[in-house]
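In the two complexes below, chain A is the common chain; its partner is chain B in one and chain C in the other.
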Partner chain A sequence: MTMSTDIAVRVSEAETIAQDVKRFRFVTLDGSPLPEFSGGAHTVVTMHDGDRVRRNPYSLMGSPSDGSSYQISVLRTVDSRGGSAFMHDKVKTGSELMISRPVNLFPVDRRGRKHLLIAGGIGITPFMSMMLQLTREERPFELHYANRTAGRAAYVSHLQSAYGHRVHTYFDDKQQMLPLARLLDGQPLGTHLYVCGPSGMIDWVLKSAREAGWPDENVHSERFQAPPSGKPFTVTLARSKKTIEVAEYQSVLEAVEAAGVDAPYLCRGGACGQCETAVLSCEGTLKHNDHYLPDDEKASGKKIMICVSRIDGTNVVLDL
Partner chain B sequence: MGLMFKNETYRGDFTFSNSPEAIRRFPFPFHEDKYMYTVNIEPHVPGPKGSAYEFPIDIDEHYLSDMADRALVLRDDPLRCQGLPHMITAEWDLVELLMTSMARDYPEHFSLTREGDNWHWINRPMGIDQKFIFGDIATLPYRPMEYITRQCQGDFNLLDQRDGDLWMDAGIVTSQADWSLDFDVGMSFKEWHAPVPMAHEIGVFDRALKFLLNMQQGRPVRRLNWTMTINPRLDTAPETYHKWGTDRATVTPENVGNKVHLRVELQGLWRLPRSNAIVFSIRAYLIKMDELVTVPKWGRRLHRVLKSLPDPIADYKGLTRYRPTTIEWLSKYDDGAPTSPGVWPE
Partner chain C sequence: MLSPGIISRPVYKGLAPDAHAKHNLIAAEGEGAAAVLDMAAKTPEGFFARSVILFCATGSAGKGYEDKLKALAPASYWDFPTIPTSIFRLKGALSTASMGTRLYVAGTEPFIASVMKEAIEAGIDYKSVITEHRGSAKRRVQCVHCKGFTENVTASPFVCSHCGLSLFVRDHFSRRLAAFQGVCVDAEAPGEVPPVEELYK
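Our next item is the complex of A and B:
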């Protein structure tokens, strides 16, 4: 959806802070303050790459109460569909971008008596603002931060100087293993657990927490899921009366937007449910990649989350 | 703007009434000659000048009387205002939303000066001049939500969002249509809507909840709800049912015009920035039948809406006892002429 509430910003800093990780600072073009937000929120950055429009969600890293600028960190992904490569290669100090207002799909549960944060790699970013908020609100927390190597680990020295003994780091190349079983055992009653990182790590933490008897309400996760690629196919938009191509490295949502049709979205990662779309017919099989639809609705073949899911087949007719 | 604040009562001698201007700006809720539950949510964007939708927070001629009635309700029953401890950030968010809206849209009555966290609030109609530190509860005479809502028309609920649901974890409710914050506090969205008939079955609450969970900052929405109230009473709470329930038995063909009121709730919803909570405002507007029929279209239409209203909805809204008398009275104002689409007077 072309959001009328999007904000025009200029990049005031762009800095490499770890291997393949760049930090960007945004300020508004007109100098007006940016909206305050809550820890764990993200913004969707709109990039104009020639005649292609890309939109990627990135966690806001700065202080939630500081409206003078926003900060994000971008990992250049190996199988980049173009968004992270564009941010790394084309976006410089002085570049202008459009960003959405903050959206929070990974908030702190303020009832928690303690907050146990588990980050893997670039999954540190939502915790940066979360920890600032937790500190300001004087709530107990500890961070456990795993990385493949020290060179790839962003913000480690900053975190250690800011939060001291509350920060614990683990490096794969030093055979340091995040002691998950021990962490899950013996936490005070009322502790909330938050995990963000690679999909496999999130699955491991969620499964272990459930097996250790943690209530689902106390366990929170956020995935950075890029839309998976796949074979091209066509989409017929029944209401707009258009048939469009979805390319190998394109999501249905991106193809719809490129065709000039507004579709609702928030997370662009298959989590929030905003882009749920009715499937009218499908020549092929729906490939559900989201974490939103329950299994029975996935099996029904009547709904698709167009930000991440696609089809294995020739054509799908959507109620758009 | 020439807002003249009236001095009137919502209890005892019931001196509340609407000026001709207030009648014209009444948020009449029926866009057609019948009524059914829908997800009637629309963007809360500025409406026509002078209408109840002109500004996000509507202040009208009843402002001081509303605030005096709220003070009386809270004096008798402090539990009408409750906030669970984890909602304190949302309370401050509400202070910001209400103070900035009121000061921006009614500058002759309210002003707000902010220097960092040092805030200075002036409410001229109520004679209040308050300096305080935003975020420091020790610097206000009440908790933040109670402080500002003692100065703003309408009930307010703060909904925490977690576990894919909304939770009514704070609020101030003194001008309600027979529901209780003390009963509902801590409930989930479907729990507090459980008593509503028919709407669950048609999926209204599934769709509304999904919509609300994805509400975004800077994009508030609104909807209208309605019921009827005997005598212009703002506080019709379960806790005080013994004081007002019997009013329903006092309606006669002779007194319908003065006693029976259409009660419209302008409900607003905003995503709050610091807390990620949602504020749900419920502003009640009352209009007696004598006043309503001065707009011929509204008289005709309300007659038809009441006649065709499904019984379960009439029962839920508490209209059953006096509905026939009111329909009979309104029939004098319905000549059978067609009504134009939309809510506005012809």
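Our next item is the complex of A and C:
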């Protein structure tokens, strides 16, 4: 993904819609329409904060066919590496940003007979566009939406008025548990399940679905995982002939970009496989944090997903 | 004529039990029964009590597979005189099945393809169907010119049973049509038909 394909946008609305959740609307600087997308797609927002450049992926929430604006929602995370705090504190109506063209790693499987959507907290965002698409295409769906409290739950009243009985909400502080075992039992053949939310919830749903005999092909998930921090180390880029520092709170991909080297990426969350990079040698141990490489490839020590994984050691030589 | 570049050519990985499935729907034809019996050595406790077996003996008639399959003590067992009658019953079973059901198919390619076609129409992803090829390598082939299907094709080229063209059998496969593709072999030089090879016996 080179910068030249990015789109310059202005924030036309910035509104707090739940505790720690803000909604932003983007329009293009020149008034030209934004590309159409498909339900579940995301955009990567580039944030310039002084010398630091951050790129975070956010799901597109609006109607996939409406090119007049894009909308995203941002949760301020407690262990924020700074991206969500920047969006909350520094980005206001009138701010200008660069965003990537839409990418969809969490699409609706149109062969499905029924679509079971399971959201936890801010994980609701990809389903906002997905439900608009499912409604337009007259495909049956149900949303099951869990939150810690009503105050933290974004868009509940909007969803209830738009989709009525198809929306089911659960609140932890009211001891309401998402009835996963019951939901997985007896769904019609050809049902597809989609889950987005905290990592622990996604693991729970994937494991439960497999144990309920659901084929992997019918179960879809999307994680927006921030790159884990760790001890600093250096990366040698064999092709670019550069050696760079990766700081404690920086990912390898971010360090590579800061050094002016253009590395491929799509999800920036260890899911899509786009940033797979060959490891030529490593003084230390690879710490794989992705959900993409199979276990044997992780163990081989020959590959790394540079958006989320790092090393515990001094230096790693990459084929970049 | 195996052409590795043709990705539509189905790959059959062999029967293996899904230990988590709530229900197993097992469709076997001919020597496919032997694949089911072989899988029985690897199944977890209670597997066949959650299983329905549909069997069509075809070329294996007289080998006694019926009794061996029944001896696995499935929740229910049916046998059928022909592939179309077993497919009719399969359609019924799929129409009332729910998620948590795993489909297994073993037998010749035309049988696997017919089952797969029904599975896809019932909303099952073809990649989640567990398959094993046993028995003859005969193919069901559609003539790309007249669109007629010829069953039990064992040689290439062969004469289309509908329009009479000499057809070269390709590895191009259609899941929707449950058939391989047959293409006129002498279109450029009519009458110049290469020697017939028995490739799919």
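Heads up, the rule we're going with is that the second predicted complex is superposed on the first by the 318 of 320 C-alpha atoms of A that agree within 3 Å, B and C clash if a C-alpha of one lies under 4 Å from a C-alpha of the other, contacts with A are read in each partner's own complex, and residues count from 1 in each chain.
Throughout what follows, contacts are C-beta pairs under 8 Å (C-beta built on N, C-alpha and C of every residue); 3 or more make two chains touch, one makes a residue touch a chain.
Everything numeric here is computed off the predicted structure, so don't read it as measured data.
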(request) Judging by the criteria at the top, classify the pair chain B and chain C on chain A as clash or fit. (result) clash
(message) Looking at A:217, would you say it contacts chain B, chain C, both, or neither? Reply first, second, both or neither.
(response) both
(message) With both complexes superposed on chain A, which partner does A:111 reach: first (chain B), second (chain C), both or neither?
(response) both
(message) Between chain B and chain C, whom does A:189 touch in the aligned arrangement: first, second, both, or neither?
(response) second
(request) Go through the superposed model and pick first if A:239 touches only chain B, second if only chain C, both, or neither. (result) neither
(message) Going by the contact rule set out at the top, does A:137 touch chain B (first), chain C (second), both, or neither?
(response) first
(message) On the A-aligned overlay, A:38 touches which partner chain: chain B = first, chain C = second, or both, or neither?
(response) first
(message) Of the two partners chain B and chain C, which one touches more residues belonging to chain A?
(response) B
(message) Looking at A:103, would you say it contacts chain B, chain C, both, or neither? Reply first, second, both or neither.
(response) first
(request) Name the residues of chain A shared by its contacts with chain B and its contacts with chain C. (result) 111, 216-217
(message) Can you tell me which positions in chain A touch chain B when the two form their complex?
(response) 3, 5, 35-38, 41, 64-65, 100-104, 107, 109-111, 137, 216-217, 266, 272-274
(message) With touch defined as at the start, can you tell me which chain C residues reach chain A in the complex?
(response) 18, 20-23, 94, 97-102, 120, 122-125, 127-128
(message) Under the stated contact criterion, what part of chain B meets chain A in this complex?
(response) 86-87, 89, 160-163, 210, 213-214, 216-219, 273-276
(request) Spell out the residues on chain A that touch chain C in their complex, using ranges where they run on. (result) 111-113, 184-191, 210-218
